[in-house]
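Below are two complexes that have subunit A in common, paired first with subunit B and then with subunit C.
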Partner chain A sequence: MGVVLLVTIFISGRELGISGAVRDSVVATANVISPVAAKESTYYGKFLKNGHHPMDNWLDYEVLGVILGGLLSGILFKRIRKPFVERGPNVSKGRRLTAAVIGGILFGFGTRLGRGCTSGAALSGASTFAFGGVLVMVILFASAFAFAYFFRKLWI
Partner chain B sequence: MKEELIVSGKHLPDIYPVLHLWHWEISLYLFLGGLAGGILFFAAYFYITGKEKEMPTTVKWATIIAPLALAIGLSSLLYDLHHKLYFWRLFTTVRFTSPMSWGAWTLMIIFPLSLIWIGTYMKEMFPNWNWKFKFLNDFEALAIKYRLSIAWLMMALSIILAVYTGILLSAFNARPLWNTSILGPLFLVSGFSTGLAAIMWLSNDEHERKVLSRIDIFFILTELFLIVHLFMGFMAGTAVKLEAFHLFMGGAFTISFWVFVVLLGLVFPVTLEILELKGFHIPKWVPPLLILFGGLMFRFVMVDAGQITRFLY
Partner chain C sequence: MGPIAINGLISANLNLVIAVFLGMGFGFVLEASGFSSARNIAGAFYGYNFVVVRVFFTAVIVTMVGLLYLSYFGWLNLSQIFILPTYLPSMITGSVIMGLGMIIGGFCPGTSFAAVAIGKIDALFFAIGLYIGIFIFAEVFPFLEKFYLSGYLGHVTLTDLTGIKAGWWAFGFTVIALVAFWVTASIEKKVRKKIKEYKF
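Let's look at the complex of A and B:
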C-alpha cells in the first residue's frame, strides 16, 4: 500500500485519494439538478468556476478503475460471490445498513473538514512525512479505538 | 468563451453555428433500433439453422423485447417531431435514396412481423395461452406454417434496421463526423452486440450463453476494429475531419468516448467474456449490463458530437 502511494505521487505528481471523487460526483449532480444554486453555493461554487467541469479530475476515473480492478481481481482469484451484507451475528440487515449509511455520511463530512480521507490525507500524507497526514492517521485510529466500544454490537 | 461572428442571410439558430436539433430521443431510438435488430436477427438465424430447441431464449423469449424496444424507440421519435400529426407523410412515398424512407418502411414491416413471430410461440411459452377468437387461431396456424419464410424476411429486415441507424447519420454530408461510410457497419455490429447482450442476460442456459458469448466476442472485436478505422479515416482526412478527430482526442468527447464507450462498454466486457469462456466465474449480468451501457453511450456520443462538427470554419 505504501509503495502504491509513493509510486502514485512519483508518477502523477499528486496524492492518491478517494473522497475527492465523491465530492466531484456530488458537485456534478448538484450542478445538473440546480446549476444556479450550485454556482452560488460557497462550497460547490469553488469547483464550478470558469466553466470548469467538476468531473474533469483524474480521481474520478481512478475510483472507476478501483471498482473495475477490484472486480477483475475478484474474478481472477475466484473471490466473486453474490451480493450480501457483511454484518455481525446479532444484528439485523436493516440495522447494519442504517448504521453504515449514517457512518458513511459522518465520514464523508469529516473528510471535507479534514481535507481528505484515509487514503488521501492519512496514508498519502504520512508517506510524504507531512505532519498533517501523520496527525490524521493518529487521530483516525485513536478515535476508532475510542468509539469501537459503543458500536461493538454491530459486529460481535 | 469562444465567440464567433457569423454573417448569414439565414436565421436558423438551431443549425448555425452548430446543429442542436437532435437530443436524447434520437440517441435512445438509435440504440433501441439496433438492439431490436440484433435480437430479431439472432432469433431468425438460429431458427433457420435449426437450433430452435438448443437456443430457446434466443428464438422465443428474448424476441418479446424487440417490439417493446421498437415501441419505446418510435414513441421517442414521435415525441421529437415538431409536427407530430404529420408522421404518416413518411409513408406516402418510397425513396430509395433516402435512408429515412428505408427505415420507415422497414419498421412498418418488421414491427408487425416481430409481433407475429412472438404470436407463433405464445402457446409454447405460456401453455395456458388462449387466443379467444377463431380467426386468431387460424392466423396462428398459418404463421406457424410459414415460420421459415417469416424468419428469412425478419433476418433480412433486421440487418437493414440495424445498419440504417448508422446510415441515417452518415447520409448527412454537412456533418464531417457522421459523413463516413464506416458508420453503417459500425452501428450494425454495435446493434447486434447489444442484442446478443440482452439475450445473454435473459438466458439461464449455460450452453446457450456460451454460444452467444462466442459470437459476441467476434462482434465486439469487429466493432473495435471499425472504431480504429473510423479514426484512421479521420486522421487521413481534410481539416474538417481532423477537427472531428480532435473532438475525441483531447476534445470534449475524449473521456465519454474512450473511457465509457471503448473501455467500459467494449474492452472490459469482452475481457470478461473471454475469461468466462476460459472457465472463470463471472456474474452473468455484468458483461451484458456493460455492453448495453456502452451501446447507449455510443449513440449519445455520436449524436451529440456529430452535431458539433461542421464544414463551416
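Let's look at the complex of A and C:
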C-alpha cells in the first residue's frame, strides 16, 4: 500500500483519495437536476466554475480503478461471492444495513469538514508529513475508539 | 524530475489513464489486506483484529521513508507535492464525526468501495450513505461556510509547525508503529481466546 501511494505521488504529485470522488458525483447529480441552481449554489458552484464535467477529475478515474482493483483481488483470492451482508454475530441484517447507511451519512458529512477521508486525509496526509493529515488520523481513530463501547452490539 | 505529471513529462490525458491503474493498485491492496471486511475494520476497536492498523501504519512509514529517499536522490521535488491544508476547528469536528461513522458503519469510503467490488451489500449501503451525507453537507454549506474556513493554518507540514526535520518524524512514527505492532499483537492474542465463531 505504501508503495502504491509512493508511486502515485511520484507520478502525479497528488495522493490517493476517495471521498472527493463521491463529492464529484453529488455535484454532477445536482448539475443534472438543476444546472442553474447548482451554479449559483455556494458549494456546488465551486466545482462547476472551470467548465468541464464535474466528474472529469483525476480522483474519479482513480476511484474507478479502486473498484476494479478490489474486484481483481477478490477474483484472485476467491473472496468474491454472491452479494451478501457481512455482520456481527448478534445483529440482524436489517440493523446492520441501517447502521451502514447511518455510518455512511455521518462519514460522508465528516469528510467534507475534514478535507478528505481515511485515504485522502489520514493516510496520504500523514504520509506526506502534513500536519492536517496527522490531525485527522489521530482524531478519527481516537473518536472511533471512544465511541466503540456504545456500538459494541453491532460487532461483538 | 518527479512528480512527473506536474513537470510535464507525461500528458494530462495519460495522467488520467495512469490514475485508473494507480487506483487499481490501491483497490487491490485494500482488498487483499482485508480492508474489504467491516468486521476486520471494527475489530481494531474491540481488540480482536488489528490487521488493518498494521497495514495502515506500515503504509504511512513506507511512504514517509520512501519520499525522503526519493528527495535525497534528487528524483522527487517534495515542494511540488500536494500538502493537505489545515483548518483546525472544522477538521477536528469532521474527524470526530468520521470516527463515529466508521464505528457505526464499519467502513471508510475507500474500504467500502473495495468491499462493494466483492459483493458486500453492507458496503453498498455505506457508500449510499456517503453520497447522502455529502449531499446534506452541500445543502447546509452556506450555514457552515464560516466555520468551514475558520482556523486556517495553510498547507503546513509537521516540520513547518515544529521545526523538527522530516527525518526525525519518520523515525518517530517508525518507533511508535513498532511499539504498536507489539502491543496490538499481545492484545489480539488475549481477546481472541474469548471469541469462538469468528474466523481469522
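One rule holds in what follows: the second predicted complex is superposed on the first by the 155 of 156 C-alpha atoms of A that agree within 3 Å, B and C clash if a C-alpha of one lies under 4 Å from a C-alpha of the other, contacts with A are read in each partner's own complex, and residues count from 1 in each chain.
Just so it is clear, contacts are C-beta pairs under 8 Å (C-beta built on N, C-alpha and C of every residue); 3 or more make two chains touch, one makes a residue touch a chain.
Not measured: the values here are computed from a predicted model.
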Subunit A as common anchor, with subunit B and subunit C clashing or fitting = fit
Of subunit B and subunit C, the chain that contacts the larger number of subunit A residues | C
Have a look at where A:Ile18 lands relative to subunit B and subunit C in the superposition and call it first, second, both or neither.
-> second
With the two structures laid over each other on chain A, which partner does A:Gly2 touch: subunit B (first), subunit C (second), both, or neither?
-> second
Pick one for A:Lys78: touches subunit B only (first), subunit C only (second), both, or neither.
-> first
Looking at the overlay, does A:Leu68 come into contact with subunit B only (first), subunit C only (second), both, or neither?
-> both
Nearest-approach distance, in Å, of subunit C Cα atoms to those of subunit B in the combined model | 7
Of all the subunit A residues, which ones make contact with subunit B and with subunit C?
-> 61, 64, 68, 71-72, 76, 80, 82
Over in the complex, which subunit B residues touch subunit A? Could you list them?
-> 1, 255, 259, 264, 268, 271-272, 275, 280-283, 286
Touching subunit C in the complex: which residues of subunit A?
-> 1-16, 18-19, 22-23, 25-27, 29-30, 41-44, 58-59, 61-74, 76-77, 79-89, 96-97, 99-121, 123-137, 139-148, 151-152, 154-156
Complex interface listing, subunit A residues touching subunit B | 51, 55, 61, 64, 68, 71-72, 75-76, 78, 80, 82
Give every residue of subunit C touching subunit A within the complex, in rising order.
-> 2-6, 10, 15-33, 36-39, 42-43, 45-46, 48, 55-56, 58-64, 66-67, 70, 75-76, 80-88, 90-138, 141-142, 144-145, 148, 153, 155-161, 166, 169, 173, 195, 197-198
